[in-house]
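The first chain written gets the first letter, and so on, giving A, B and C; residue counts start at 1 in each chain.
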Amino acid sequence: VTAEGGTTLAAKPAGSGTTYETLLVTTEDDITTIKLNRPAKKNAITTEMYNDIIAALEQAAKDDSVITVITGAGDFYCSGNDLSNFTKIPEGGVDEMAKQGGDLLRKYVKAYIDFPKPLVAVVNGPAVGISVTVLGLFDLVYATDRATFHTPFSQLGQSAEGCSSYTFPKIMGSAKASEMLLFNKKLTAAQACGLGLVTEVFPDSSFQSEVWSRLKAYAKLPPNSLALSKQLIRSMEKDRLHAVNNAEVERLMERWTSDECFNAVMSFFQAKAKL
Amino acid sequence: VTAEGGTTLAAKPAGSGTTYETLLVTTEDDITTIKLNRPAKKNAITTEMYNDIIAALEQAAKDDSVITVITGAGDFYCSGNDLSNFTKIPEGGVDEMAKQGGDLLRKYVKAYIDFPKPLVAVVNGPAVGISVTVLGLFDLVYATDRATFHTPFSQLGQSAEGCSSYTFPKIMGSAKASEMLLFNKKLTAAQACGLGLVTEVFPDSSFQSEVWSRLKAYAKLPPNSLALSKQLIRSMEKDRLHAVNNAEVERLMERWTSDECFNAVMSFFQAKAKL
Amino acid sequence: VTAEGGTTLAAKPAGSGTTYETLLVTTEDDITTIKLNRPAKKNAITTEMYNDIIAALEQAAKDDSVITVITGAGDFYCSGNDLSNFTKIPEGGVDEMAKQGGDLLRKYVKAYIDFPKPLVAVVNGPAVGISVTVLGLFDLVYATDRATFHTPFSQLGQSAEGCSSYTFPKIMGSAKASEMLLFNKKLTAAQACGLGLVTEVFPDSSFQSEVWSRLKAYAKLPPNSLALSKQLIRSMEKDRLHAVNNAEVERLMERWTSDECFNAVMSFFQAKAKL
């Protein structure tokens, strides 16, 4: 499950992993870092990139690192699902597109649910859509004070994924979660931290240095104890999370073939074209 | 399931619904508003009013509106269960009263659990008892800074309902929930917001204008996406909520026939009579 | 199930219970107080003390008191598991030690899960390890502003217990819980209160007087209503809590026999010896 085949792997220098078109993956100081690397597109996730992230997570699960980090290149953390994914209609039409999209999404979220080591989000800028909803599946979420958190699903005629329909009400209660998941409320980093979605917020000027010095210290802790403790915490609700993931994907596949969603996404592209 | 029969419905002008003795129900801008309308009694809920609210929710579930709002007329949101309900002993005695009360309560809370669209509480003043406990079943809770939240169950020898024995610990943790549900702690609006029971607090002077302009904007979002997203979130725990409702009602029926509860309610009426 | 046999009990003056080597147990104003009483050792919990606390909780469950309080003598609330417990290797070796330790821990946490009355922690100073993790099983947690909350499991090659792997993510969300349970983050009282682990924080100078006057008032509420309401809230997740307790103990028994844990505990003793 590598992007460029096993020979590439063997040719790599120590301390780095497989190379991906859309990601920068490195291992240093017992930390594997998966950096989303389409800064010109605000790290929007294409179909290829979903597959790359799944592969990178599978590799990180097996390597010798203690902690795995996901972060973004450039000013954005991640602008969510690349809506151009909706414009590549396969031979089977919209139904086939929904099926393929659903299968990929299910597999993508599953990779987070099943991830066996501490998983840390280093949120270096604004986060949108699925890059926000999966945060409930991370163990730590550090954010720059420039970060924002936005899940505009209903605006696009869609519905929540990434297990957020379960994790967000659990983390912040339904009165707060619904304003995000139903009504597109955008949170500041401080608000997201107050609600428990974010572990801690740092001033942007010292964000990278503070976060990485802390993570390097954490990565020196007994690795089995960390991994087994994380699995213990996650095991309490793993079956539940898989069931939630399946239910969310079912709902979204129905949404993607609805007129309501089609019209909402079309409006989005038209508004964008006018700019 | 209407208060005055189907013919009344047909005779109504557009934009309004069935008429009720104890409620004002209107539909405007894709929002159905159920206003508790016994301001002289601080909107305390009588047996008739429980039935009216159940009927109004069933009607709102089926009408064309996108969002449903519950609010109160006058200075109070709702002072909870009208304790005069306890003074109308039916022919079967206290046991029969407990049975009838339990059946009604179960049906009342069920109407909230099963409500299929976004449900919003516009808390225009103090809220007491069951008007507080069902808040965990709403999707948004907006409160004026004049609002307070009080559930004095143990003081009356009773126990929690409205699924609060499950939703409150989930929203705020058991250390905070128990002080409300066991020890009658009254919260300010700001405290309730900090704990996640309330979505946002507004200054009383601008409360109505700010809340309604926001709700009108929300009601223009794709309606199926909103309803299906809400159902998705709720579906994760629907069976659980029904089980909790049943357990709470069982416990309360036992409480209502206990000497402890009888004495506590008598003390309440005596203290009131002395004022 | 008393520490010194039934005859001791009969000889006690009214208002006090069984005597224990490691605890002070008193009943006054309808409140039974279990005070950890090894102040010279910061109330670290020895094997004997685990058994004493279990016995004291079983007794408090049956006595006439309305509320049960756990607190500490001296400046500390409790420094957690007495690590000298690990130095008393029984005849069967490390495996037997792990088995006996696991059985005791399971029984200890079970006593909290099954406790039938309102249980209050009066946290009079720093709290460490298992004295922190079981807080999710209390109904109220009052803390002096001198208190801190620290669970350094991974530092010692161990893993979370006291049902904290379930209750902490439920109370504060996984992004906050993991920093405590995986990465040894120490919280101030104010931070623990903000996250919902603590009900309320008081200035140290007025801590005892404010807390006890409040508890005395609470203890005058209808006792059945309090106990039954607490049981109602707890019943929603009792099976879950027992399953979590079992899973945590299994994991810890494995940890205790691991080289990683052995080396981490040895390092702890060596660092201590150097002071």
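The definition used in the following text is that a residue touches a chain if its C-beta (ideal position, glycine included) is under 8 Å from a C-beta of that chain, and two chains touch if they have at least 3 such contacts.
Given the structure is predicted, the values throughout are model-derived calculations rather than measurements.
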item	value
Self-contact between copies chain A and chain B, residue sets same or different by half	different
Fitting chain A to chain C on CA atoms, where both chains share a sequence, rotation angle to nearest 5 degrees	120
Chain A and chain B, separation of their C-alpha mean positions in angstrom	37
Shared-contact residues (touching 2 or more other chains) in chain B	170, 172, 195
Complex interface listing, chain B residues touching chain A	118, 135-136, 138-141, 167, 170-172, 195-200, 218, 221-226, 228-230, 232-233, 235-236
Touching residues (chain side chain A, partner chain B) in the complex	153-155, 157-160, 165-166, 169-170, 172-179, 181-184, 195, 240, 244, 247-248, 251, 254-255, 258, 260-261, 264
